[in-house]
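When the chains are written out, they are named A, B, C and D in that same order, and each has its own residue count from 1.
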Amino acid sequence: MINLFTTEQLKSIYPKVKDFIEKRLYPIELELLFGDWSNSEQKLNDLRAESKSLGLWAPYLPEEEGGLGLSMTEFGQLSELMGTTPLGHYVFNCQAPDIGNIELMHQFASEELKTKFLKPLIDGQIRSCFAMTEPEYAGSNPVNMGTTAVLEGDEFVINGHKWFTTAADGASFCIVMAVTDTEADPYQRGSMILVPTNTTGFSIERNIPIMGDEGAGYLSHSQVRFENCRVPKAHLIGEMGSGFSLAQHRLGPGRIHHCMRWIGICERAFDMMCKRAASRELREGRKLGHQQTIQNWIAESRAEIDASRLMVLHTANKMDKEGAKAARIQISTIKFYVADVLMKVLDRAIQVHGALGITDDTLLSFWYRHERGARIYDGPDEVHKASLAKQILKEYGL
Amino acid sequence: MINLFTTEQLKSIYPKVKDFIEKRLYPIELELLFGDWSNSEQKLNDLRAESKSLGLWAPYLPEEEGGLGLSMTEFGQLSELMGTTPLGHYVFNCQAPDIGNIELMHQFASEELKTKFLKPLIDGQIRSCFAMTEPEYAGSNPVNMGTTAVLEGDEFVINGHKWFTTAADGASFCIVMAVTDTEADPYQRGSMILVPTNTTGFSIERNIPIMGDEGAGYLSHSQVRFENCRVPKAHLIGEMGSGFSLAQHRLGPGRIHHCMRWIGICERAFDMMCKRAASRELREGRKLGHQQTIQNWIAESRAEIDASRLMVLHTANKMDKEGAKAARIQISTIKFYVADVLMKVLDRAIQVHGALGITDDTLLSFWYRHERGARIYDGPDEVHKASLAKQILKEYGL
Amino acid sequence: MINLFTTEQLKSIYPKVKDFIEKRLYPIELELLFGDWSNSEQKLNDLRAESKSLGLWAPYLPEEEGGLGLSMTEFGQLSELMGTTPLGHYVFNCQAPDIGNIELMHQFASEELKTKFLKPLIDGQIRSCFAMTEPEYAGSNPVNMGTTAVLEGDEFVINGHKWFTTAADGASFCIVMAVTDTEADPYQRGSMILVPTNTTGFSIERNIPIMGDEGAGYLSHSQVRFENCRVPKAHLIGEMGSGFSLAQHRLGPGRIHHCMRWIGICERAFDMMCKRAASRELREGRKLGHQQTIQNWIAESRAEIDASRLMVLHTANKMDKEGAKAARIQISTIKFYVADVLMKVLDRAIQVHGALGITDDTLLSFWYRHERGARIYDGPDEVHKASLAKQILKEYGL
Amino acid sequence: MINLFTTEQLKSIYPKVKDFIEKRLYPIELELLFGDWSNSEQKLNDLRAESKSLGLWAPYLPEEEGGLGLSMTEFGQLSELMGTTPLGHYVFNCQAPDIGNIELMHQFASEELKTKFLKPLIDGQIRSCFAMTEPEYAGSNPVNMGTTAVLEGDEFVINGHKWFTTAADGASFCIVMAVTDTEADPYQRGSMILVPTNTTGFSIERNIPIMGDEGAGYLSHSQVRFENCRVPKAHLIGEMGSGFSLAQHRLGPGRIHHCMRWIGICERAFDMMCKRAASRELREGRKLGHQQTIQNWIAESRAEIDASRLMVLHTANKMDKEGAKAARIQISTIKFYVADVLMKVLDRAIQVHGALGITDDTLLSFWYRHERGARIYDGPDEVHKASLAKQILKEYGL
């Protein structure tokens, strides 16, 4: 929370969220993360009930839907707090991919779908997932896709193969992106369709082992298959052919959500790095933190994290005032800038911890492994850089 | 000028400054810079008269002293504009080292000194210089110093050897830092004394050739000698032994002034890089800007410059609201962060220009050479990093 | 194998090792690595028998001990080959920590220990481990140690706590570094003692979960405890108090062995990166490898790997001709230089693979996780850099 | 000189060249460099006479032509020595662009041209230059060119505009690349023609001010114009249309010559950095070299320079044994790798020197300015990286 972006409401809620996270989550975070998922889930449900009773539930949602009606700028500062522990967002029902599905359905789903699927999702009774990326196609080119949804009477018949469907394991429904019109303009080919996961023809092939973790439940990323999977036509979200446009709607905020969370990770890793530097003895009277190299890392990390936060909140501010579209260029910028800072800070924190840094006795290794994807998912660095540069060069006549 | 930090006054003055710089200075900047100094000085004086008549003079000064009473945050955004051309600050009487001397004397000089020296300096009738660094002592340790000022009756007798006394050539007076009490605590040894440059015993040994330029007049950095140089005791600025503390007063704002200026350089170099990328043809139909490497550089530069500006203005804002001392840690942060960004952006801009980039046909080579010092002067990167880290680690008990 | 460092013997054996690795190991490497260790061990034993029957066993050993009598320079080139797959060294009985223990015992163990422990180790009938690092002490300062071995009559009584005891799980004996004389000069305090792992008082507390893998058998790193663990005095290796000096003997070659292996990893990752770049389609007619950013990574990786190999083989050459001590400075150099190249190449290879790169479907994630330690174990980068610089500055009188 | 690449002949000549450079050149290098060219030239001529009398002249030339018949590998090690001082190569008649013109004419010029122009060039009686790059065309695409040479009877009539014609000021002849057949295949359009600089129609427009230096004589880079400049057809070098192919012949060795020289610069800068680190006091008992950051820079520089030397000599070795064409890929590699190391080492050496580092009181600033071009001339980094990667990816079927 920095003065420049504080509001009265934030001043009131920020310390509550901070307190809850530090007192209730920090002590059990490693256990929740590396323990058996079913046990963790039970504990998380209790914590969710508690956060709800404290009035901290889904703060990004309008008040009439059970949230706190915070702006993106306000929420960004809470999201940073939640990001300091791996299951922080989950406890406040702010976790991806559900938050993205909630925002999407809130704007574009029919009343029927809202009642049946969105409401229990907002209430935290069910989980959901989102299936877009396919192993056979470069994710950086979103118009390339093999999954199809063919209308037969009142039903879509969906066939295809997706992966990196986060949290599919245990989800109640999946929003899938599929080609509904192979003849249309590439950007009008796809549509988004809601598929209950108990539909015949939907199956989870495997939880993909990622950086050493296969994971389970919410903490997993699945490879899923749709084989003649039939859902009612009414499960279409938005218009036919609007899938690509909806994906844009979904990804913009999704990217800034990631950035906010990454700053939380950075701050936590920074804190761990400083604690270690101030306490680990090299020899009598000489601590790690007396070494100039360590001081350099601390100073560079401080500068880069501060820069990241200002850029992210400035972008959030722009989104609040001018809409997500106006901030498109800034969103691309923070996506690659903050992901890079994140990996650098984690790397330095690990090095400061020495052998301990590569064990699973701290969170650093978990983030080092699982956030390597930050430079890849939702558009690799290279795509965002090229896209930003092209926008800029357009003004120069190129 | 970004929305977050705009004020009504800034909205009014910003376009005027921008216009003046782009229309009056850009067309003659290379000529002013590489031409004979006496010609350049004449032209600059005309431009100064003009900027004064337009009400754009010394905007950082209070209105009662002929300025516009702008806050640091407001001035920072004008300073960026001025920084886009090497003599921009000079034309508005915002140039170092005079701006630092003005701020210093404004706060700490006697009325007599103010009348005799400060007033004509503010009016732009004379120039001044500041002598602190000595070749024989590491500048990063400010308590090490060989120059002495011994009180004999009503006079200081000054002896010593300074270098990097910017703009001494043609200056009317020099503020020198000298040891006045060799027995005192290191931080109370030095004092600041004003020495008119026509005093016997003051001499310029040479204009130091720096990165290929010996320079002349304002555009030079001298090596100066004080040999039994006598000035009245009344030329003391502040208290006896307060030199180090005054230097701190002077350097804090000095550092943020540099950062603001560097952002201006970055933006200009960025603009040149984009223009070149959009126009230089590699082969039929293929421009430099179509190359992904160039796009990466443009995107990374955009991100880093944006981050720099937000950090600098956020620091200025903190100085405005809480005072320079409260922002000390942020000032150290931006000093090394922005200096690094500056050198990276200049380096990329040169590479995009190819052979042209290393000629003096553009400003890039001038900045590449003369701003290499940015990572050294007013505290090298290493000192600021260590100082920032130590501040942080102090909170962790180290 | 590069012309500059080829020998006739190497020309004959190199293709055999290459062939064996590519044909017999590549097809099952993921299965061996991620499968159940007891199954993997069985398969590895069969492969070991095969490599022995082909005359490729332990090529670094003198012929009279069942090896091929290769020089360090020759072996380095085979070691690179073996490094291209995670269990490559194991199959030729060249794996750490056994290779280090073999070299150590070969030079310094009594005939009795050789007969009883070294011989079956060389034959591949048993495995061993090496216990030095302790969680409570900074590993970068090897004279800090809490483990003690007190002589009581004819026995050492060992008490202490070690971690990162690689491959302890399933090992037949452990060489432990313990303080035998607390009063001695720091560098003469420690001794190395062989402890059969079935000795009462020796226990494995846990296989440390490292970057998501707890591992098992050879593929693990244990935390071990010595509690009143008694072994005969005759289990001392070398002299009393020679532990630190033996560690130096052990670590020099150990470090170059790592470097050789890392180059193998680099080459394999490079090959995977190129294959992916040449095959992955972004859109019709446009492959990843057509992107200039990818080309930059390939070119930079090629340059850095080539530089690494030349430096490592040049160092090996110096060790062969002038002894390990003469090459101490070069060993420090390659330790940090090659570790850095390794991490950069792996990071680029992952980025080129996109989402696939962070899964365990390729080896990249395994190396990315398990070789992060390369910049830490056997002396972190910072220690080697400081040590190299101090050596150099000594010649300048510092 | 490293053992791996030493020969008996080199062992004999190396110390002589080293001695000559250190004793005769180091003491006057700054004076030669920054003084008036006509004075410098006189002194250089005396030194040339001396080096010739010592049998150190043009060592790369065959003995029958007055050289020492050294291999590229041997010469590379002398060239490094010469590179440690800016006019080192000049004193031994090994300086660009003459060395390139000598090699070119040696292979491809007619006997007549050899007698009239090559012989005095080899003898050091005259200087020459080489005109290829044009301001209006991207140098990285060598088939783009505006200069034409039209055959009229027995004469070429040359028209065009070149820049970065190194050392044209004072040269006796110029080898110019011009289009002789606009209809031919792009790679067969150009030819190389020798133009005496006193030919009517040849003029030097200006010595281009580069990084603050306009220079003079050998120490300059000119912009030249050909206006109806007529030379005999017999001044053609090689075949009509062979210009591009000759340029390739010329550039390969040219690039490795640069790399060798850069390593010399690196070693000298490294030596200066270490001397400064070992002598400059921060405070009582604390030298710069005690700072860990400085130690890091020294260690990293040592590693990178060692890597550079091994790569360059390994490439030279390959050229000696298999020809320049076989080493093409290695030449591209060292061109960008060593240029990058050069700039990093210079930058660190400057930072270690603090304010002194940016003055012209040491050589560092000269190299920092004039070697920035290293990443641009003879193909910018980006072109060499792309070219290397494409070669590699070709083997992967791309």
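The working rule: contacts are C-beta pairs under 8 Å (C-beta built on N, C-alpha and C of every residue); 3 or more make two chains touch, one makes a residue touch a chain.
None of these values were measured; they are calculated from a predicted model.
Asks: Would you mind telling me which chain pair, C-D or A-D, is linked by more contacting C-beta pairs?
Replies: Here the pair linked by more C-beta pairs in contact is C-D.
Asks: Same residues or different residues where subunit A meets subunit B? The copies count as same if more than half of the interface numbers are shared.
Replies: same
Asks: Hey, how far is the Cα centre of subunit A from the one of subunit C, in Å?
Replies: For subunit A versus subunit C, the centre distance works out to 38 Å.
Asks: What is the distance, in whole Å, between the centres of subunit C and subunit D, each centre taken as the mean of its C-alpha atoms?
Replies: Using C-alpha averages as centres, the distance is 43 Å.
Asks: If you average the CA atoms of subunit A and of subunit D, how far apart do the two points sit, in angstrom?
Replies: From the centre of subunit A to the centre of subunit D is 53 Å.
Asks: Show the residues in subunit C shared as contacts by 2 or more other chains, in ascending order.
Replies: 291-293, 296, 382
Asks: Which of the residues in subunit C come into contact with subunit B in the complex?
Replies: Going through subunit C, the ones touching subunit B are 291-293, 296.
Asks: So in the complex, which bits of subunit D are touching subunit C?
Replies: The contact residues of subunit D facing subunit C are 2-4, 274-275, 277-279, 287, 289-290, 292, 294-296, 298-300, 302-304, 306-308, 310-311, 314, 317-318, 321, 330, 332-334, 336-337, 382, 384-386, 388-390, 392-393, 395-398.
Asks: Note which residues of subunit B are touching subunit D in the complex, please.
Replies: For this pair, the touching residues of subunit B are 34, 133, 135, 138-141, 144, 163-164, 208-213, 280-283, 288, 291, 293, 350-351, 354-361, 365-366, 368-369, 372-373, 375-377, 380-382.
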